[in-house]
């Protein structure tokens, strides 16, 4: 389909993926037959996973040529950043689509270590690597055919809004297709768009509003458990069974699909409105639920929360107040 | 804990005992230290009167007995006037002096006289009678006494007695004087030694080197003669008055006792003669001060004269009578009234002798001796306590 | 003048804030690099405030509450204790020295103890040195 | 959002602040901050002219937010809120910065203190921007009053209330009214016989139909707040009363110090040694004998037993000196020729008529001895020279190590808190100081009220005091209570929690967190709701709420976060200024 | 409440709800506020030009050392602005008739010569006024103009004229009158204003007439009035107070050009200060009673001197240190640790030697005499009933004791009532006491007033 055909009636839609797993792009396909409605209403001008439009074609477009760009995936290296700026320049509406673009996502967990530790782990210490000459990937490497270039590997992963100006966010890992459809039909029908910077495709209320599991006020936990340590009865709220479920701190809108799959919520739909740190509120709630007033017993219970950063900021480390590892001289960090 | 140093036991009854020696509500004292501070004579090492009140209140007899502070006080009354609790500390020092006099007197008579006035009156009366009777019996008036008038019209005093020549009469009187002086002096000196023993020897805390005794001896004389420390008190008029009395009395004592023969002579020397002037000065000195004291004691004002103990009155009255009878004797003699002179002479002696015999060793007179010695002893102690605490330091408080 | 580290202190109104006032009326002297924020109860202090303080450049955060059992609202200080320990685990995971956050109980009559606590905590922070959180987070190289 | 117009006022507080903080520099610096319309400084902001200045400025420059940098908000936040109210501005549009107790008084470097003041005031300014107007809640006041403690203080309060026609519940732990006062025979300083005065008082209390006396009873729980308390009282014979009342008066008094703790006095070892309480009983029966039954000849009264000493109680128990003088007089009447010794540290006879009693007692042949009660206590041991004991110590006024014989020793034991004082303080929601006395709101501003509205502390439980002072305090509390009852309503603190129903998902984290049960789950709307009546505004549930749906008025997240931002922004700004 | 016999002392019928409070020190202020906040009207009569009494003069209060003004001024403001408190300054009660529950009181209100509504307190009149007099508020440590505000935070915060020192009034109109010219508000100052007589009817009377300090001149040996640097404690309070003549600096009393003794901020600070306790108290020659507060305020002053002049040596000569209240003993121990020398032994006399003062006292505990040179001596003067107590007590029909303090009905169980129902007493007029006890007693008096109005109200309270 000729992406560059200047068809006035149809919206020009672009989908790009930065440091992503491709799940968001696949989620676009999840609309199944509705894809035709989309294609009918919009021309896909740029979608690297599916179309062969080249970067230079995008660079050739004039500004604001693209009506809507769904940017999914975080910004890990210089290429992602370049494309982010480029698409911002080229599109009227830039949407951070999916947790990685919205909050940094799973790649964001890399921020718990810095570039040096990652490279050592990947290119030196990993069991299957033999790299005695300690060769690390370089941005420019001389070979006889010429100079090979690689994008620069940034020291930390960033969410889209930490790199460029984002119009809307559609949370989710990946966003459910129904929400995508609702958003798309809303845009296509030209209905009045919500204010800039708002999170769309999700509700204001947290997940518990949707979740059918029985809730009660017995939120006291003697020991936090991992999912495999509990025989889930399928009805009561996970937290009351000692599992850390981020439902109460995560926006509803995903149709509590994880909980339907008997897995506690990981918070991929992002925090509720006016929250400045995605994980802190849940951490506070869980800590308050610890059922002991004795300092030693409290420490013991907290030992059962192996990895607070990974648990409460599963998809949102880059969006946190402590968005990346701090290097302090006298503190060696135990990498779990 | 406290076991080692034998804690001295308090004796609550002692205070009742001391009430006999002077009226004062000393147990009202709440130890504000005002009296010790206001008193110019109180100095480090010899603080009074508060310290003495405390010792009295607690009934520490031994400590009281060995203290010489009461003698350092000249009773100017400042402390009693400014005492916030009307405990009149001045009067306590007076009472303590009376008490100490009885403690120094080894015979015990002094205690009798101080504690019951009757004893004192009786003693005086007996001695007076003795004197009168001995005169009337042994030295009766010559029948022709009327002739014993010399050319200037004055009675020849020494030749009034029958059967005794004038010089013999004088030597008789002189013997009497010396005998009395020896007895009384002996008693007094032994009491002074007793005082010395109690205050210096018994006090183990300080050892007085022999040299100090001589170096400080001048203090004894100087203070006896001038009552120098009395001059430090605010009301200097008390000091001058007391000095007047003291000089008058000493002169009279010297004339009457020591140089009796040169004074009790037959001729009547002219008025301007130094002997008479000396006599008049002495008489005036005594009478003037005694008059004031009697007047003040009667009016109970100022505060120092508010509480009069029997012994105070007796001492003053005896002294006054002696002087008065002396004056009358002098007048009669000049007027040539022989019989009057004789009888007045007897009365004069009948008052003089008991005064000397009672007052000097046992009662108020003894302060003439004890005070200078007390000052002397205090100077001894202070001299040996070399590291006299430097007074003007900032108080090192815990 | 060497840049003195800054300490943000969250004091509960009934006990520790009153204790701090008492240190004032008794004219106790303590290090002046502490800045106090008053909340009604130590139970009101959560990870968000502490992380925000560090993100804004604080070098140390001191949380004070009533002694266990004395809380004006009965249990607020226990909740604060629980959050404090989880927060310490989280921040050390992020590479920050967990001793930069300190929780102590100060009663209304412990003026002296408050002054000593401030001095000893600010010395500890001086020892650890200024926090790099603000610089690290603002660095976008 | 319409533009904020802030007025900033920095107080000198005489020299208290100005001596250490450059107030002019601080107020000048604040003018530069966004939203600040004017910044002034004045000698006494809390005074009439100070408050007038604020009121006039609000009207003249139509300010809508005020920041006052002065002393601790605990003292004058109410004063300035009233000033705002007089100027027609909502009282909660005020934020105070504490630059005296927590700045000028505690720092020594003027530059540092001024810099700290600037960051504190900047923080207050950033916070006040987010303040919202709040309306004070008015609640009705139940006319009844709960009085805990049936001693002389509790009874006086009950009587004063009943004479004003108001009902009160008088709860007494023991089986009879009267407390320590009932144990006395005479009172000081006039040595009047009080036995029938106190029994008349008790009769009038028992007779009054406005006072419900409950003996052998202890208050189990108290719930609610000023004007709307309810409580459960349980008696030893398991009877239970649930009562409603508007105000509480705590008048639990103190107990006497346990003389057994004083090793040197050998209270358990020697039968001669008794406490002042035991002596009161003896003298009430009119026969003074020691435990061996012997009529004593030498009687020693030792002051400061367990008081004014680091190892026991460091405070002075105020009434023992006068009681000791009273005993000396009683002993002198009963045993005219006994020897009486009185060992004191400082003779504290300060009240009306007390010094006169001290003077008249001195005239009765009583030996007053002074000892240092802070050093090693006097030692009591067997008297070798006869029966009875001997007291050995260093008498300070004479400097002598002395020995006092005694076949009766009366220890003037001090006062200290009851064992259950801590639970009473918990029950009534008031706090206790390190000595176990209940803490009053302000020793001078408000000596009988407490930081918990509607709860008053009177009598010795606030600090040792004699009967007239306890009665004064009891009636003072009644004055305040009568005022609230007569007015019928009282204003209640309004910084309670509120739940944003749009965000709350009913996860019920907040329900169990609240000790007052103020949060409950509304199953119909699947949200949690706050009962503003029960909520005390501690904010614990707001921090526990995972979705941030709950916030406490006047202490919202936004306000505190902006306060942190303002604080640190000014710190860095001044640091940059410093370095370049 | 046991009622006494004569009929003049009994409540007969409904008690008039208004209350008269005499004296506007902290006691009068507290009582008025308690009654007014309960909804009843109060007439607050004050002899001087402002309310606040002695407490307003202090800088700090023991034992918490919080500033007196910070505690008092808000209450004064509340009184000044209270709709139900009718504040009558420069006024005295001249006659009291009627019976309990319905007293008819005649009040003589001296003219202030400045209209209270119009005066904006600008102070231009005072700037020009030539008349001078020692300021009562500063207890003589500074001079004030004839037209003056007692102190900057006074309530009412308006000017008034003191006829004795006003040139115009002394020369009945021939000289000066400059203040009227310079006053920006026309006919705000009226130099011919007349005194007024007011008649009010009240149900209860609260007497809170406070105290005056012992005249230290009566103890000649301390040389107060003779030696310039022997001050009373109240004078030192004014020096230490930031609003005082030396803006809080402790300086010597020096002679100014015109030869009268004044305190100036640059007067030079003392290197050693001695404080003597029990001046005029516990003394059969002056007042036998203990004035209860001097020990504690002396400790406080010692601390404040040490705080303002760390290098200055401070000595306290006392008999018994009476630190009896809550936190008082701890305060006493703390001051000792701060290096103030406590010497048990009352100073006997003071002499002036080459400009400094020689104190002679016995240091009892160390068994020695101290003759100490001090640059400045503070006399901790005791308290005495304020003037006019005798006439007022006869006027109202309540007794005062031998020392002039009002007699309470029952020394044990009713410290605020008097033999005459409807008349209550509060504060130091009933005997020396510290501020917490005064405030408590004032509230207790208010309770008696409220209770009397309540109990005889016809309509029974539902």
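Letters A, B, C, D and E name the chains as they come in the text, with residue numbers starting at 1 for each one.
By our rule, a contact is a pair of C-beta atoms (placed from the backbone, for glycine too) under 8 Å apart; a residue touches a chain by one contact, two chains touch by 3 or more.
Just so you know, these numbers come straight off a predicted model, no measurement behind them.
Here the chain-to-chain distance from chain A to chain E, counted in touching steps, is 2.
Taken together, chain C and chain D share the touching chains A, E.
Common partners of chain A and chain B, by the touch rule above, are D. The greatest centre-to-centre distance from chain E, using averaged C-alpha positions, is reached by A.
Summarising the inter-chain layout, the chain whose CA centre lies farthest from the centre of chain B is A. Ranked by how close its C-alpha mean sits to the mean of all protein C-alpha atoms, the top chain is D.
Inter-chain contacts peak for the pair D-E. If each chain is reduced to the centroid of its CA atoms, chain C and chain E end up 45 Å from each other.
Centre to centre, using the average C-alpha position, chain B and chain C are separated by 83 Å.
Chain geometry summary: the mean Cα position of chain B and that of chain D are 67 Å apart. In terms of their C-alpha centroids, the spacing between chain D and chain E amounts to 27 Å. Of all residues in chain A, those that touch two or more other chains are 276, 281, 284, 288. Among the residues of chain E, those touching two or more other chains are numbered 64, 66, 282, 320, 344, 364, 367. Each of the following residues of chain C touches two or more other chains: 25, 27, 46, 48, 52, 75, 79, 83.
Contact between chains, per the stated criterion, is found for A-C, A-D, B-D, B-E, C-D, C-E, D-E.
Residue ranges on chain B touching chain E, taken from their complex, read 30-38, 42-44, 47, 50-51, 82-86, 389, 391-392, 394-397. Listed in rising order, the residues of chain D touching chain C in the complex are 72-74, 98, 100-103, 105-109, 112-113, 116, 119-120, 123, 422, 426, 429, 431-434, 439, 451-452, 495, 513, 515-516, 536-540, 542-544, 552, 555, 557, 560-561, 563-565, 567-569, 571-572, 575, 578-579. Residues of chain E touching chain C in their complex: 64-66, 307, 334. Contact residues of chain C toward chain E in the complex are 25-27.
Residues of chain D that touch chain A in their complex: 502-509, 511-513, 521, 526, 540, 543-549, 557-558, 561.
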